[in-house]
Amino acid sequence: MTAGPILRIEGLRTRFGGFAAVDGVDLDVPRGRTLGIVGESGCGKSVLSLSVMGLVPRPGRIAEGRVLLEGRDLLTLPPAAMRRVRGGEVAMIFQEPMTSLNPVHTVGAQIVEAMRAHEPKGQGSARDLRERAIAALRRVRIPSPERRFEEYPHQLSGGMRQRVMIAMALACAPRLLIADEPTTALDVTVQAQILDLLRELQAETGMSIILITHDLGVVAEMADEVAVMYAGRVVERAPAAALFEDPQHPYTIGLLGSVPRLDEERTRLLAIEGSVPPPFALPPGCRFAPRCPFVAEACRAEVPALRGIGPAHGVACLRAPVELAA
Amino acid sequence: QPAPRNTLVVLREIDADNYDPPRSTARSAGESIYMMSDTLVSLDWDMKTVKPGLAERWEVSPDGRTYTFHLRRDVTFCDGKPFTARDVVYTMNRWLDPATRSPVRWRAGPVKEIRARDDHTVEYELNEPYGELLYQLSLFFASIVDQATVERLGPNFGVQGFNGTGPYCWVSWTPRQELVLQKHPNYRWGPPIYANPAPQVDRVIWRVVPESQTRLAALQTGQADATQYIPPIAISQLRQMPNVRMSTQENYFWDYFVGFKVDKPVMNDPAVRRAINQAVNRAAIVQAVWFGSAKPADAYLNPNTAGYDAEAAKLVPGYDPEAAKRTLDEAGWRMGPDNVRVKDGQRASFLTYVINTQQSRQVLEAMQADLRRVGIEMKIQMWDATVGWGRLATQEFDAFMMSYPYVTATDGFSLYFDSRNRPTPNRMNWSDPATDRALEQAKVALDPAARMAAIAEAQRLVAAANVWFPVAREQLWVASSMRAEGVRAHGIYGVALYKGLDIRLTR
Amino acid sequence: MSATTAEAEAPRRPGLLARLLRDPAAAGALIFTLLLLAAAALAPWLAPTDPLDNNLALSMQPPGSPGLPLGADAQGRDMVTRMLFGLRASLLMGFSATLAGGVVGVLLGFLAAFYQRWLDGPIMRLMDMMLSFPAILVGLAIAAIFGPGLSSVVLALAIATVPLMARIARGSALVTMRLDYIEAARAIGMTDARLIWRHLAPNCLSAIFVFTTLRFGQVILLGSALSFLGLGAQPPTAELGAMASEGRNFLFFAPHIAVIPCIGIFAIVLAFNLLGDALRDALDPRLRF
Amino acid sequence: MSAPLLEVEGLARHWAVKGGTVRAVDGVSFALGRGETLALVGESGCGKSTTARLALRLIEPTAGRVRIDGTDITGLSGGAMRRMRRQAQIIFQDPYASLNPRLTVGEAIAEPLIVHGIGDAASRAARVRELLGLVGLAAWQAGRFPHEFSGGQRQRIGIARALAVQPALIICDEPVSALDVSIQAQVVNLLKDLQARLGLAYLFIAHDLAVVKHMADRVAVMYLGRIMEVADKRSLFANPRHPYTRALLSAIPQPDPRRRGMVKPLGGDVPSPLNPPPGCRFHTRCPHAEAICREVEPPDVEVAPGHRSACHFAAALPPVEALAGEGLSPIAARRLALFAERKPTQSAPSTLT
Amino acid sequence: MARHALRRILLVIPVLLGVLLIGFLLMQVVPTDAATVRAGPTATPEVVEAIRRDLGLDRPLYVQFGLYLWRLAQGDLGVSIINNVPVSQELGATIGPTLELMVASLVWAIPLGILMGTAAAYWRGGAIDKAILAVSVAGGSVPVFFLGLLLIWFVGFQWQLLPFTGRGGPLWTMEGLQAIVLPALTLGGVFIGPVARMTRTAVLDVLSADHVRTARAKGLTERRVVTMHALRNALIPVVTLVGLQIGFLLGGAVVTETVFSWPGVGRLAVGAILSSDLPMAQGTIIVLSSGFILINLAVDMLYAALDPRMRAA
């Protein structure tokens, strides 16, 4: 029971009315390591993570698939058990540190609340919980945590708030942390601090992390494994090094080309023409086909399956590797 | 939720401004003042016979100028002080004093002097005869009050306190809410019209309830014991109710009329005024508005009034819309394009002001519809009671509707048709030397026949000129709960309970 | 536009009307409101009798009497006719008051927001003052000045509406003014008047419009309260509030005279509330895509 | 050589807020020549947008002056200022808020022409078509409303609107920050193409140093309302002479797992602009700070020709290790080239969706 | 917090002064003559003229206003020209009952409205939501007087459960409590709909907020999420909106007081304005308007108490 992935997602499909925001995703989250998920806005990254947490907002619902945490299917858990998983075994932090904390409660109260939710009734005195919350704040390197404990979110800076979110998520020592674009709203210098912190905490606790981002730089910096998503599907999956070394899917290639780099001088960026198809007008077959320079007739008809092409490297493209298609 | 034991709860529609006898003209002031104080003389149920009050008996000098009142000796004020002739002299002089600003000073007559001959005799001397005097002295304006209390309270007399000789004494007043009175323990001098001269109820609460339906419900559920403010529509139903007693008074002089400003365009044409009188179906209106609790007023006065003239009544035209059209045609009013008659470029249209009450609104709306049928346009502007009186003192309108109480023919007519009383209360601007002369005669004549002839003359002059459109003669009804026995409607100045004697609470 | 171009994929965002009609409750509210408006507009043609013609013999006939489906009022006038004309007067009263108050209020609100430096303080303090007079008091004072009547009620309600509208308009303008396209328009070199007229106003209107429908209901209710206090329409004008308040004197004997106009008021207010809610939903950006 | 197109001198803007005064921009000077791109980078709240607005006099400065084409615009009257606005235009970060949802795209683009009384209806319509073509949209799209467009397309519409009056200068306030990576590349390419064709000058505001490196000729780094360092792009990236610039550069994660762990976070948060630290504003977070930094505001020194830095130790800072890493892996680079090759014609009207 | 409060209080002063001036001017424009009012329907012109001189109504307007302000500054609101009672005494007697009525109405209407709104938001889209929505929209559409009369008709008259004429006594007595039930039901009844709807919207807004998602992700029970996170935050806009509706409530109070013969300041105001009793009318206007202003001030403070972001440094 120890070796396998901590979380395994199988054929997950989450629908919003007429369309599936997450459309048949299979993923493994390696134990004690970081899985990075990249993709453009709207490709279903957040819905995927909310599906794992059982927090898909209305009118969304999970249509099929399994989400196995240590072998237990979270989708079939009764609500009370799911609540124990949430925040207890799996914790989550969100993109917007500005709005993700309740503005009317003190920071400390919100952390204490998270702890109390996963404690057997009546255990832990108020004082004890307070001590532990302050310790949690200290652990995420918040200066003078005793004072911050009494403060309200609006009195903290963005980076500080994100740290509070992390402290809260880690309050019950989860085995899996889902971080949905935790640094997108932050400045680069602060982003660097948060990423550093996450890395240290992972080393300390051995937890697994799902890190969602649209920034290839962050993925390269943090992830051990990477999944690239496009329009609700995983189009490529690989260990981080392999992905940057040997990008297979045309979308991954385009993405790499779109990013200006500090270590390289180019006159033009490689822009992927067009934009992500809106969810109500998805093409049949490969969803990247309308923008893909390597597109073939078959791409428009057939949905490509994720096929393995190397150790732990999979790609959902009929034309990969693209040299052969060219 | 029954009313408290041995407390009589009386409901009324509006409160009075104050309870100082010479300073208020409101019926609601009279309601309580009659209970809190007494007048020298009282009026019998027939509304004609003057009976003793604080005065046991009185004499009138042959020239009609001096009245000598012999007072009772057993009377005390609420504060226990004995009542004497000095109190009468003080009260009367206060009424007459211009500083009091009594709006009803004229009712006291052309006084020369009022003297106390001894502790129990008062002489009331006039400059000229005044046949009305005894009736006027039975009205609550002439209620006897205590000098010391008046002087102590100053302008707050009747606001913060009161001291009279009446069957009930002032306890407290919360304006617009309630006035609380309690039994005057020694009171035994009630007017002889009552079976028992002493009060039998411990407390009386005059409570203001503006909503008519609420009053009805309160009465029927026993939250209140009596009210005279009953919507006409409810009267016949209440009479069938097993848990409500009804009492009525035949001799009740409270009339509704529409008056015309005889010097304003359109209204200054006697033909128009006559046509209006002919065009409006008075009987139908009175039936629809009062449901039988009022009689159509086919004359300017109630036939039971002292001084009523039957000949004058015949001069008031009856309902005949065809005749109305003829009258207008003959006078040169031709039908205009918008169904309103026109004469010399003048539309037959007039503006009517009225104080907003259920009855007057309904009457005017029905009149409006009737007049439309003969080609006269009547516009209506309703006013809340308090602003309305001010508005009715102006010359902005062409006609108005009012209701008023009176005691005798002379009383009513000299008030409304004396040219000196323009603009109020003579709002018709009726200025006719012949009428003025007749009214003067009626006031000073010593011979009852001569007086009768004079007042009849005045009635004929006014009726012939169609200065008013008399509408209705209201009947007085008092509804009382089953536990309140002996409630009998009197109706002096429109006040039903008068002294409030003879009323007992069972249970 | 030619359908041959490759632009046909993105479905056009459905128009406001289409979005309104999609929700059955909203469609119901819209149709209900339109029916009321139509009934009011067509009152002279729909009414079975002359609204002023009375027949005292029929006074207070209960509903269902021969030829009088809703009965007759105290004057013996057909209640159907009275209701149609009453609806007309009430709606007219509501419209003119909301419109007059709305126009003035919106203008003041815009000015306050646009010239925030100089005008915001004075205008909004003035609005605070106006707001602190309950509408009923304003109505009483105005009736005391000009005499009771429909026009006094309209004036009072309009005055009471001004500060609310100004607040809404200001709030919505302040939000809009922070948007970049306002800044862009300024950068183009546009005059203030054009900026307000072409960019600010149209984009604040939906919020104002929603509030207007809701305020309309309140105005009708306030108007009926003023009528109740005896300040409303003068006879023989039929107006629902005045009819109801007149009819209340017969509540125990001929309840239909009061109850039917009350139901009328209820219907109008309900219709506009529902419409306002539906509009709010239809205009809510979060429900768009 | 004539005067620079845009010249800003000692520009300052203070906001009164509850609790004090925010010195959003506190003495900023720079110049921008014709056809040149000056990038303004810095962290959130350091005053970039405020500077942009001041430069166009969309808000009034507390101090300092702005010259456009030699004319001091700070004192211009309403009418003259409105005429001056043809020279300089602005495009914004938020593609959703920068277009009036109630105007069609054609109306929005034609509006500057109407305001300045340029041409008649027909010629304006033609110009709108031309502008749409210029930014890679189709002429028929003029009748559409903004909500029917994607974020990238809206940004193009904003650019077309700015171009309508043929300005010499466009201020770009984070024009690509809100866009997805793949779309961001499209817009960056478009801006560069337009500059090449029309000889535009850009004041390019961004927080992403990689984008800046791609776009700019010169770079100015702002911190708490002040410019810390200005230099030619090459010189700045190769040899940053201010600790803050260095911190920024080393905080950017590179899309290259081989360089993992090179990110060196700077301690602390950006101080509140309500009461900026005395002396050097950066001393609270500066790894090189000494006593003097806490007391003396460092002067702006020219450390190399055209390279100015506001640091006491500008010249004394150790050299940085070369940033230029290995770049893309060979396989990736080859595939990229293939991708670019097979792409349909560059900047063709992207009829997207 | 204290400074915020002080600032708000200082801001109230000019508004109050303005209200005073508007109130005075408004009553000056009323074309009725107080002297005539006082003299009564059958008075002759000389009497009216004399009364006018007594009341000082023949003096120029600015003198009257100056005197008014001067006396006001000394805390003297004048005496009623109708019955000579000091205005302050009348106000003192009527404010209590009005406050009593408003508190009694709000005390049940606001909690119930909030409860209904929260329930509707919680089960949004379901039958409960629809039912609550229907009830609250309908409740907000009924004229106050109609609701009052219905209650009198059924509860008071048909079933004879409760009294409905006037105030029964102080609230701590049985009579007082019984008497206030129907008026409070009436006034609260028309308020409950708006509160419920505001709450529903606000709770729905908050339920879709990021921090509620955070709360759920912490594994809190749904009940705790709704009460501690959604409702608590939703109260902030609800409180503001309730403050704005106070004017509407005051208007409703005037009508309710009339229907139930409740001896409050609303009825006093109606009577005073209609009878051109200038000092009394101005007194009531000042009281009602300052009541409105003070309630809004209180709402503002409450707002700050509920929302830590408002407690400015």
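Chains: A, B, C, D and E, in written order; residue numbering restarts at 1 for each.
As a working rule, a residue touches a chain if its C-beta (ideal position, glycine included) is under 8 Å from a C-beta of that chain, and two chains touch if they have at least 3 such contacts.
It should be emphasised that the depicted structure is a prediction, and the values quoted were computed from it without experimental measurement.
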| item | value |
| --- | --- |
| Chain whose average C-alpha position is farthest from subunit D's own | B |
| Contact-richer chain pair [C-E vs A-E] | C-E |
| Subunit B and subunit D: spacing of chain centres that average the CA atoms, whole Å | 89 |
| Distance between chain centroids, defined by C-alpha means - subunit D, subunit E (Å) | 54 |
| Inter-centroid spacing, subunit E versus subunit B (mean Cα positions, whole Å) | 39 |
| Separation of mean Cα positions, subunit C and subunit A [Å, integer] | 50 |
| Where subunit C touches two or more other chains, by residue | 9-10, 143-144, 248, 251-252 |
| Junction residues of subunit E - those touching two or more other chains | 32, 149, 153, 157, 208, 258, 274, 276 |
| Where subunit D touches two or more other chains, by residue | 353 |
| Residue ranges of subunit A in contact with subunit D within the complex | 40-41, 157-160, 187-193, 195-196, 214-222, 240-241, 244-247, 250, 253-264, 266-278, 281, 293-294, 321-323, 326 |
| Parts of subunit D lying in touch with subunit C, wherever the complex brings them together | 53, 56, 58, 81-86, 88-94, 97-103, 111-112, 115-116, 138, 140-141, 143, 147-148, 158, 161-162, 165, 351, 353 |
| Complex contact set, residues of subunit C against subunit D | 1-2, 5-7, 9-10, 12-13, 179-181, 183-191, 194, 198-199, 202-203, 288 |
| Complex interface listing, subunit B residues touching subunit E | 1, 11, 17-18, 24-26, 98, 101-106, 155-156, 159-160, 174-178, 207-211, 213-215, 217-218, 220-221, 223-224, 384-387, 389-393, 402, 415, 421, 423-425 |
| Interface residues, subunit C side, partner subunit B - complex | 52-54, 56-57, 59-60, 74-76, 143-144, 147-149, 230-231, 234-236, 246, 248-254 |
